[in-house]
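In order of appearance the chains are A, B, C and D, and numbering begins at 1 in each one.
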Amino acid sequence: PVDELDLLYRMLLIRRFEERASQSYQQQKIGGFCHLYIGQEAVAVGAVAASRDDDYIITAYRDHGHAIARGTSLNACMAELYGKTTGCSRGLGGSMHYFDRANHMYGGHAIVGGHLPLATGLAFASKYRGEDRCTLCFFGDGAVNQGAFHEALNLAALWKLPVVFVCENNLFGMGTHVERAASVKELTNRAKGYDMPSMIFNGMDVRQVHDGLRTVLDAIRRRPHPYFVEARTYRYRGHSMSDPATYRTKEELEKNKEEDPIARLKSELLSEGKIDEAKFQEMDREARRLSTEAVRFAEESPEPALESLHDNTFVSGANS
Amino acid sequence: PVDELDLLYRMLLIRRFEERASQSYQQQKIGGFCHLYIGQEAVAVGAVAASRDDDYIITAYRDHGHAIARGTSLNACMAELYGKTTGCSRGLGGSMHYFDRANHMYGGHAIVGGHLPLATGLAFASKYRGEDRCTLCFFGDGAVNQGAFHEALNLAALWKLPVVFVCENNLFGMGTHVERAASVKELTNRAKGYDMPSMIFNGMDVRQVHDGLRTVLDAIRRRPHPYFVEARTYRYRGHSMSDPATYRTKEELEKNKEEDPIARLKSELLSEGKIDEAKFQEMDREARRLSTEAVRFAEESPEPALESLHDNTFVSGANS
Amino acid sequence: MREISYRQALNEAMEEEMQRDANVFLLGEEVAEYNGAYKVSQGLLEKFGPLRVLDTPISEAGFAGLAIGAAMAGLRPVVEFMTFSFSLVAFDQVVNNAPNMLTMSGGQFHIPIVFRGPNGPAHQLGATHSHATEPLYANAPGLKIATPATPRDAKGLLKTAIRDDNPVLVLESELLYNTSGTVEDPELELLIPLGKGEVKRSGTDVTLICYAQTVHMAMSAAEYMATQGISVEVLDLRSIKPLDLDLIFSSVSQTHRCVIAEQDRPFCGVGAEIAYRIQRELFDSLDAPVLRVAQEEVPMPYNEKLESAVLPSEEKILQAVTQVCYL
Amino acid sequence: MREISYRQALNEAMEEEMQRDANVFLLGEEVAEYNGAYKVSQGLLEKFGPLRVLDTPISEAGFAGLAIGAAMAGLRPVVEFMTFSFSLVAFDQVVNNAPNMLTMSGGQFHIPIVFRGPNGPAHQLGATHSHATEPLYANAPGLKIATPATPRDAKGLLKTAIRDDNPVLVLESELLYNTSGTVEDPELELLIPLGKGEVKRSGTDVTLICYAQTVHMAMSAAEYMATQGISVEVLDLRSIKPLDLDLIFSSVSQTHRCVIAEQDRPFCGVGAEIAYRIQRELFDSLDAPVLRVAQEEVPMPYNEKLESAVLPSEEKILQAVTQVCYL
C-alpha cells in the first residue's frame, strides 16, 4: 500500500520548489526557458509512486515534477536552474534537460515528441535483457500530433514493449487548445490507431493516478505490452515563465484550481483522520524550508570551469 | 455511368506498358529503380475513373499506373524511363518521379510517406480557393508507419480537407509483410486515430473501387472532409526489378493471380454480353501496339542537352 | 524614414505582401491567435482571418509539407518555424521536397514558398534549442537563404523572398527581434534583392565578413580597431545563398586580408565555404590566411558562462583581425 | 590475407562484434529476413536470432530514436539506414538526441551507437535518393564519421565504430559493395582507428585528398599524372570526423599543392572545411590555391548523361591537378 502522506509531501515539495524557482527566475538568477509544473503534481507523483524504483522514467521539458517525484534532491534541481556544477545535469542541461541516472530519471527532453522513441528504446532494453522493468514516458497533449509519437507507439505495440505512454492533457499546447490541434474527440482514440489499450485518469486525483498506474504496471510486468494513459490535468501558470496565458479566462483558471491535487488529497486525508492540520503544516514548512535551502545551495554552488568546456562532447576511451 | 470498356482498356494499357518497360529494363536501356504496378491496376484505374479530371492525383514511386490512368501517354511514360526530354518529367525524374501537370498528376514521390503532407496541401488549396476539387493520394501499406502519414492525416481531419487517402495494401513493404510492420489488425484502425471515416475495398475489383470511390468523392464534394480507403491488392512482380521476391511462395502468388483484375472485368463483361472476345483482343492488340510504339518513341527521342544541366535548379524571374 | 523594430519590420513585410497577393498565407505554431511565439505575426489574424493565418498542431513535417503541396497548387505559403531548431523534424520536407520538385518534374512544378523564423543560438536554451541551421540548408541545391541583421533588411528581404518563385529560407534571430533601426515609410515599397551583400563600413586594411547575429559585434570590433589605426571593411552578407561573391572578392582584393564572423558551428560551416572561394579566387592577392570566428565545436551548454565561451564575440573577432594583420 | 568484397567485410565486422559483445544488436528495414536490401546483413538473423537482428517498419525516426534510447540503457545498437537519403526523416534524432545527450546530461549518459548504410549518389536514383549526407552530419558536434573506401577499411572502421562509446556514422557506398580487396584473415582482429587517414600512394608534387567513392578515381588520376611526370600523393581520409589534420598538413607541407575530391555537394561541404584548415595552417607554404572537385550544385537529375556530368570524375580531378600545377 502506498504511503499517502508521502504522496502529499512530494506534491508539496514540487509546488514549493517551483514557487521558489519562479521567484529566482523573476530575479533573473535563472536563464533560458522555464516551464512550471504547478497544478499537475498529482500526475508525476502518483505515477512515479506506482512505479518500481528501477523502472525507467522519461519526460519532456516540463520536467521538474518528475525528477522530484523520482527523488532528485531540490538542491540538485535548483542548482541545475542556476547552471551550477552541483545541478542534476551539472549545469549543462538547464530546466528543460534534467537528468538523474542514479534515480533512473532519463531526462528531460525538449523537442516535442522526440523522446517517445527513446522511451521505446528503454523498454526494448528491458525486453532484450529479459528484465521486468517498465518504462514510464510522460508527454503533453501537444505531442500527440508529432510524427515521432506515431512511430514510437506503432513500434511499441508491434514489438509488445513494456512502456506506459502517459499523456498529461492540460488542455493546451502553449496557447493552442487541444481541440485545435488534435483531430480526435478523445485523445485515447489515438491509441486505437495502434490497437493499444488505453485509460483516462483524473490527473488531479493522485490516488486515482497511483492506483490506476499500479494496475497497469502490474499487468505489464506479467505480460509485456504498451499502454496509453490520458491524465486530465491543468497547469496553473503560463506555458513558460514568459507566457501571460491570455488565451484562457480567469474563471477557467479558478475553476480548475478548485480541483487542486494537494488540497484534494489533504482534505481527503483529514476527513479520513489520516493527518491533522498540524501535521500538514509541518510537511508544508519542511517543503518550504528545503526549497529555500535549495536556493541558498544553488547560489553558493560553483559554476562549471571554463576549462571543462570540451569535456562532454565525446566520452573518452572505447568500452571493452 | 463509367465507360467499363475504358476501365478494361486502361488496365490493359498499364499491364502491357509495364511488360514492355521490364523488357527494356532487363536490356539495361532503363536505369535506376523501377517498381512495377502489375496486379494493382484496378486501384489506380478505378479510383482515377471515379475522380473528376481536375481532381488532384498524387502517389508514391510505384507511379506508372496512376499516370497512365490519368491519361499520360505511354510515349511520355516510356521516354521518362529512358531519361529522354520527351518524358513526362523531361527525363529528369525517372520511374519514381513521374509528373504530368496537364493531367493534374502531381507526382511520383519516392520518400515513403513524404508525399502525404503534400496531398493535404493540394487539398488545402481547394479549400483556400473555395473549389470543390478533391485530392486522391495513393500510398502503400508500408507508408502507414511513417511520421509524415500521421501528421498529414491529423491535419486533414483537423482542417476538414477534401482528400482521400488511398492505401494500396499489397501485403508487403519490400520484403516485410504488413503484419510485421503495422501494429493493427485492420489498417483502417489507423483512421480511428484521427476520427476519420474509412472503408475497405477489394482492390482487384475495378468496379468496386470505382463505385466506392465515386460515392466517397461525391460526399466530399458536398461537405469537404478526408477519407481513408484501404484497397486490398497484390503486386505480381518483386518490389522492384532487382527483387526476386523469395519472401512469398509461388502458391501465394498464383492464388492471387486468380483474382487478376483484368481477367475479372473481362469475364464479367463477357458474361454480361458487353464485349466479346474479338473486342477484347482488339483492345489488347492496341495496348500492345502502343507499348511497342512507346519503346520506339523513347529510343528515338533526344537526351537532355548537357547545357541544360543548370536550367532546373531555380525558376527564373519572380512572379508578379 | 522611421525607427521600427526588427520584429515590426517582419510583420510589415508579411502584411504588405498579404495585402498585395491573395495567394500569400501564413501558417505555423501559435502564429494566429497567440500572434506568434515571438509576436512577429501580431495582428495578422485579425486583418486576414483564419483561412490566411493558421495555427498548426506541433507537426513541423506535416505543415511544412502541406505548404509545399499548396505551393505546387499555386499558392504562396509563408511557413513560420517557431525556431529553426524545430525545423530539424521537418528536414526531409525542406531539403527533399521543396528544392527538388522543379528538377524532378522537369520544370513543371516550381515551389514559391518561404520558411522563416528565428535561427541560431538565443540565450541559454541548451543544446536542442540553439541550432544555427544555415550550413545544413545551404548545402542543398535549390534553396535560397536570407539572413537579415537589421529591421530594414528584415523587411526588404522577406518581401523579396515572398515574391520569389523558389523556396527561400529567411533565417531571423530571436536576439534581434527587439533591436530597432530606420526603415523607409510604408508608402515606399521596400524590396532588397536576395544575393546582394552590403558594405556596412568601408575600410582598407581588413575585410570583416558577417551576417545576422555577428553583424553588430563586427561593427563594434571595427570601431575599436579604428582607434588602433586599423581600418576594417565590414561586409554584411544579408544572403548566404546566393552568396555575393562579387562584393566579397572586390573587397578582399583591396584589403588582402579577411576574417569571417559566423554564428554557426565551424565544421562545414558558412565560413569554410567563403574561405574556400576567397583563397581560390584571390590566392595571389591574400597577405594572410582567411580566418573564421565561429562557435566552439561542442553541443551548446546551458550554463551562461560556458555558452558565451562557445559563441563568437567581439573579443574573438578582434583577436582574429589582429592576427590577420600580423600585429 | 584473402580477397573479400566490401559487403562481406561489413558483414564480418558486424558478426564478429555481435559474437564478442552480447549488447550489440542490429536493426533496420529489411536487415533480418531479407538479409538486407543490399545483403550486407546476410546470415545474421540466422546466427543471432530475431531479438538481435530486427526488421523495423519504415519508421526511421522511430527506430533511430529507439536505438538511442536502448543505448542510454547500456545496449550498443547498430542502426542500418537502407540509405542515408532516408536518414533525413530521422535527422532530428541523429543530430539532436544522439550527440547532445552526453552534454545535456552533464556526462551521465553517453550514447554508444552506430548508424550505418550506403551514402552518396549511386546510379540514376534521382534527386530524392542521391544525397551525400556527410557535410550535414559533420556540422553537428558530438558525432564521428567514417567513410571507408576499401573492404579492409570497411571492416576495420566498422568494428572500431561499434566499440566506440560515442555515436558514430559509418557512411558506406552502394557502388562499393561489390568491389573486393585483400583483408586480414578472420582470426586476426582488424581494428582501424577513427580519425586516421592513409597515404594510398605517395608523391611529391600534389596532394590529392579523397574518401569513399572518390578514392578509386583519385588513384587512377594519380596513375595517369605519373605518366605525365607529375607525382601525386593520394590521401584517403577514411574518417571525416575526427579529421586527420596531421596527415593532411604533413603531406601538403611537402607538396605545396592540394586538390580535394569529394562526393558531396560543394556548398558548405567537406572540401570547403579541409581547404579552410589547409590555407589557415599552411598559408605560406602553398604554391597554389586549394581546389575541390565535388558535385555540380544542382538537384540530381535522373538522366544518366546529366548525372555523370554532376558527379566528380577522374577527368575533373585531372583538370584540377593540372590547374594547381599551373601546367
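Brief remarks follow.
Criterion: a contact is a pair of C-beta atoms (placed from the backbone, for glycine too) under 8 Å apart; a residue touches a chain by one contact, two chains touch by 3 or more.
Keep in mind that what you see is a predicted model, and the values were worked out from it rather than measured.
Looking at subunit A and subunit C, the chains in contact with each of them are B, D.
When the interfaces B-C and B-D are ranked by C-beta pairs in contact, the top one is B-C. Ranking every chain by how far its Cα centroid lies from the centroid of subunit D, the top place goes to A. Inter-chain spacing, taken between the CA centroids of subunit A and subunit D, is 40 Å. Subunit B and subunit D have centres, each the mean of its CA atoms, that are 36 Å apart. Separation between the centroids of subunit C and subunit D, computed from CA atoms only, is 30 Å.
For subunit C, the set of residues touching two or more other chains reads 57, 59, 61-62, 85, 88-89, 92, 96, 99, 102-104, 126-128, 141-142, 297-299, 301. Residue positions 89, 91-93, 97, 109, 111, 114, 145-148, 150-151, 154-155, 158, 180-182, 312-313 of subunit A each touch two or more of the other chains. Subunit A makes touch with subunit D in their complex at residues 56, 58, 87-93, 97, 99-101, 106-109, 111, 114-128, 147-148, 150-152, 154-155, 158, 311-315, 317-320.
For subunit A in complex with subunit C, the touching residues are 31-33, 83-84, 89, 91-94, 96-97, 109-114, 142-143, 145-148, 173-176, 180-182, 247, 303-304, 306, 308-310, 312-313.
Touching subunit B in their complex are the following residues of subunit D: 29-30, 33-34, 37, 55, 57-59, 61-62, 85-86, 88-89, 123-129, 296-299, 301-306, 309-310. Interface residues of subunit D, counted against subunit C in their complex, comprise 61, 85, 88-89, 91-92, 95-96, 99-100, 102-104, 126-128, 131, 135-136, 138-142, 241, 264-265, 267-273, 275-276, 279-281, 283, 286, 288-292, 297-302. By the touch criterion stated above, subunit B contacts subunit A in their complex at residues 145-151, 153-154, 157-158, 180-185, 189-196.
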